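What follows is chain A paired twice: with chain B in the first complex and chain C in the second.
Let's turn to the complex of A and B:
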């Protein structure tokens, strides 16, 4: 398969288009600008393609709400501060059971923070992406190739379960170039049968709504949604990991690559270390983590934050194993030697 | 190409630091290697100092951020000062001596680092190749490291100048000037 050098942002946009996404609504913010820029060039050339640079992130997510509501595959992207602005619209999309893909190329925060890479939006993505009882499947790529593969997957999950799906990447993945192949991405976009798109009285009305003032109706609606979430947990949870390690190092996204280098250094010194990498953050791969840590003495979690995924790791392990943390903040990507030193420390301690 | 390269290119924004790095990454890709290219994408661009990490390896690449390069291209004084001390022993550094004075700098390479000074910016001016000092530097690097075959280099240049075919010959000339200096 022919490979081309591409930035993660551009590869994500190209993958979306190839899978049949013709509608994009966004607002510029570093470090995700290449997605918006790529869409602005490519979509107007496609029959039926729609690109709108909205007046704000809030405008963009509500355009997605309208587009998905009319039954059409669509997406938006932003970076951390912009995702906060989209929170209201994401909650409405979840409340109306509408599929869409939202890409977050994370940067450091809080506030405007920095434009450099970060993983400090894990809590936001997996615990509180908007108000109300809701979850959104969250995929965590760690290479430019996965920016492609997971974009395709995100649309499939979104439409299969009628839910917004987030791709949680970061500035490093968005900005770096790697060889990438688009393989045989199928254009499998269809107009959703539940779209409110005008029908001239030929069928029953489709209604897009997230307001249920009758408690009985809302409760039923929320419960039905959580039944779908249970199916997502069963079918879509994904991780890759080494088996039988003494020291398990858990990390996702960019950090998992650095961790892999650090684990190789540790193994070269005779420490039986292994990597645990969630590919879905919600649902968090609890069973897979238990399997990966079956014979482990301790777990190290590494993130570009003060420690967020570490909570899910501790809960999945039911607080039975010592769990320590090594992270960098402010836009720093940890280097393998730093993490290797921490692995060595754990190796001596446990 | 047989060993793993961890390359850092650095200079002013506008000197083609990212483009030069992309050329090296394309060569790696054509040689069937694993490749990453990661730019400093901050306010460092456009007039400030700018740098780019390229890793080329036979095995999957962990961190794409190069902290201790085995090849450095320093296109100006501030880049030389900042990065020369980070080059790993056994590595090579290529310095644009028109804009960086390695003798006068307080920063020194560690033992075992080979430093090549060439006045790339001046050579570019003298040869009517303004803006191609970066490619002259590449020419020297490719020659001194046996980085890739002439055929692969030419193929990569075709790729990176796609859509701007008039630049192909000029870039090939710049590579030659660097290689022959």
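Let's turn to the complex of A and C:
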């Protein structure tokens, strides 16, 4: 299969189309504009393709609600401030058990922040994506190829468990170019059986709703949803890691690429360092982290934030190992030398 | 190296490698005379000529970029005048933004750039999405010429797959580049990595 050079954003959009997504609703924001631009050019050329540039992110996410509610595969994308605007709609989508894919190409914050890359939306994605008792599976690609693979995977998870799924990438992944191949992506453009799209008197009514008048019914509904979450934790949790390292460096997304270079520098100096990279942020790969840190003396967490994933790392380790942090903010990507120095410091200390 | 005119406009598809080629040309031409390099990319906020500020300063190459380049202000602003650069340097390289969207900014200078006074390079990459077929690359070239009001004078073959580039990949791209040049009625000036050695300056932070 011939490889093609693509930006992460373009690769994500193309993967969505190839996996059968014909409906996209969005609103422009840097650094994710190429997804919207790509969809605006590609979808009108496809039979049944729908592209809408909504009047706002709030409009776009509610169009996703309507589209998913009618049983059609669909997606939206944005960057940090835009995801905040979508939060209400995401909660409604989760409340109505509607599958969809939401892509966040993170930029620096809070507020308008910067258009440069960041990973400061980890808490938002994994702990507080919307009001109410809800979780959404969150996938963290670290290459343009994974922007393809995880987009395909996101639709599969969304439909299998009837939930919104987020791809949490960052500006660097969206903007950088790498060779990718699309392999054989299964085109799944069928209409879901639960879509409220007109029963024609031939089947039971399908109702798309998140309002419950009876407390017992709502409690039962939330409990059933959390049983599905348990299944997601069992089947979909994913990470890649080096075994038997003394100093384990945990990072996701772009930062994990920098960490890999830093770990190689440390090994060249005889420090037994290793990488731990979650590929799913919710569910967080707790078992895999325990396995990766079996013989570790300390853990370093590196993020483009003031430290957010670090809390999940500490909890997964049950506070039994020293955990330190190195991060950059404001749109800076840490460079391998900075992280290498911190690994060296930990190597001397523990 | 080819005898370039004093003004070299570098155009192409997003990600064809315009910035890397512009920077390489600047470094090479700096051995012959004074060089200014203009970052005219009003489209892309990441991976741009202004990233090489220190390298250019080191080689006495004058970098002319919007004061908003690499800042968070993603407005398509041109806050500089390239005419001064052209008067004061032996060579002025203008690194244009991707596609016809990026080339639109050139339109502002069309009266200042009468034919015969400039070279306009069109950079192609056979491995890059949307320009993998000669027809696609030619269609984009025509769009760039239409919005800029300038005419392409030569094709640069920059076929690559970043770190996965092989000699075979470059060799296999020659008929593609030759066909584009022939149909555009301009010469194929050079093929990067074959008859034009390039230093890879545009890198990811972990590379």
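Rule of thumb we're sticking to: the second predicted complex is superposed on the first by the 350 of 350 C-alpha atoms of A that agree within 3 Å, B and C clash if a C-alpha of one lies under 4 Å from a C-alpha of the other, contacts with A are read in each partner's own complex, and residues count from 1 in each chain.
Rule of thumb we're sticking to: contacts are C-beta pairs under 8 Å (C-beta built on N, C-alpha and C of every residue); 3 or more make two chains touch, one makes a residue touch a chain.
Predicted model only: the values in this text are computed from it and were never measured.
J.: Of the two partner chains, chain B (first) and chain C (second), which one does A:113 touch, if any: first, second, both, or neither?
T.: A:113 contacts chain C only, not chain B.
J.: Which chain, chain B or chain C, is in touch with more residues of chain A?
T.: Of chain B and chain C, the partner in contact with more residues of chain A is C.
J.: Check whether A:261 is in contact with chain B, with chain C, with both or with neither, and answer first, second, both or neither.
T.: Touch partners of A:261: chain B and chain C.
J.: Thinking of the overlay built on chain A, is A:280 touched by chain B (first), by chain C (second), by both, or by neither?
T.: neither
J.: Of the partners chain B and chain C, which touch A:5 in the superposed model: first, second, both, neither?
T.: The answer is both, since A:5 touches chain B and chain C.
J.: Between chain B and chain C, whom does A:175 touch in the aligned arrangement: first, second, both, or neither?
T.: both
J.: Name the contact category of A:19: first (chain B only), second (chain C only), both, or neither.
T.: Touch partners of A:19: none, neither chain B nor chain C.
J.: Check whether A:288 is in contact with chain B, with chain C, with both or with neither, and answer first, second, both or neither.
T.: After superposition on chain A, A:288 lies in contact with neither partner.
J.: Would you sort A:208 into first (chain B), second (chain C), both or neither based on which partner it touches?
T.: So A:208 meets neither chain B nor chain C here.
J.: Indicate the residue numbers of chain A shared between its chain B interface and its chain C interface, in ascending order.
T.: Shared contact residues on chain A: 3, 5, 30-31, 115-116, 171-172, 175-179, 257-258, 260-261, 333, 335-336.
J.: For the complex, give me every residue of chain A touching chain C.
T.: Contact set of chain A toward chain C: 3-7, 10, 14, 30-31, 108, 112-116, 171-172, 175-179, 257-258, 260-261, 331, 333, 335-336.
J.: For chain A, which residues are in contact with chain B within the complex?
T.: 3, 5, 30-31, 115-116, 171-172, 175-179, 257-262, 264, 333, 335-337
J.: Sort out for me which residues of chain C touch chain A in the complex.
T.: Against chain A, the touching part of chain C is residues 14-15, 44-47, 72, 74, 125, 127-129, 132, 160-162, 164, 204-207.
J.: Which stretch or stretches of chain B touch chain A in the complex?
T.: 22, 25-26, 29, 34-39, 41-42, 60-65, 67
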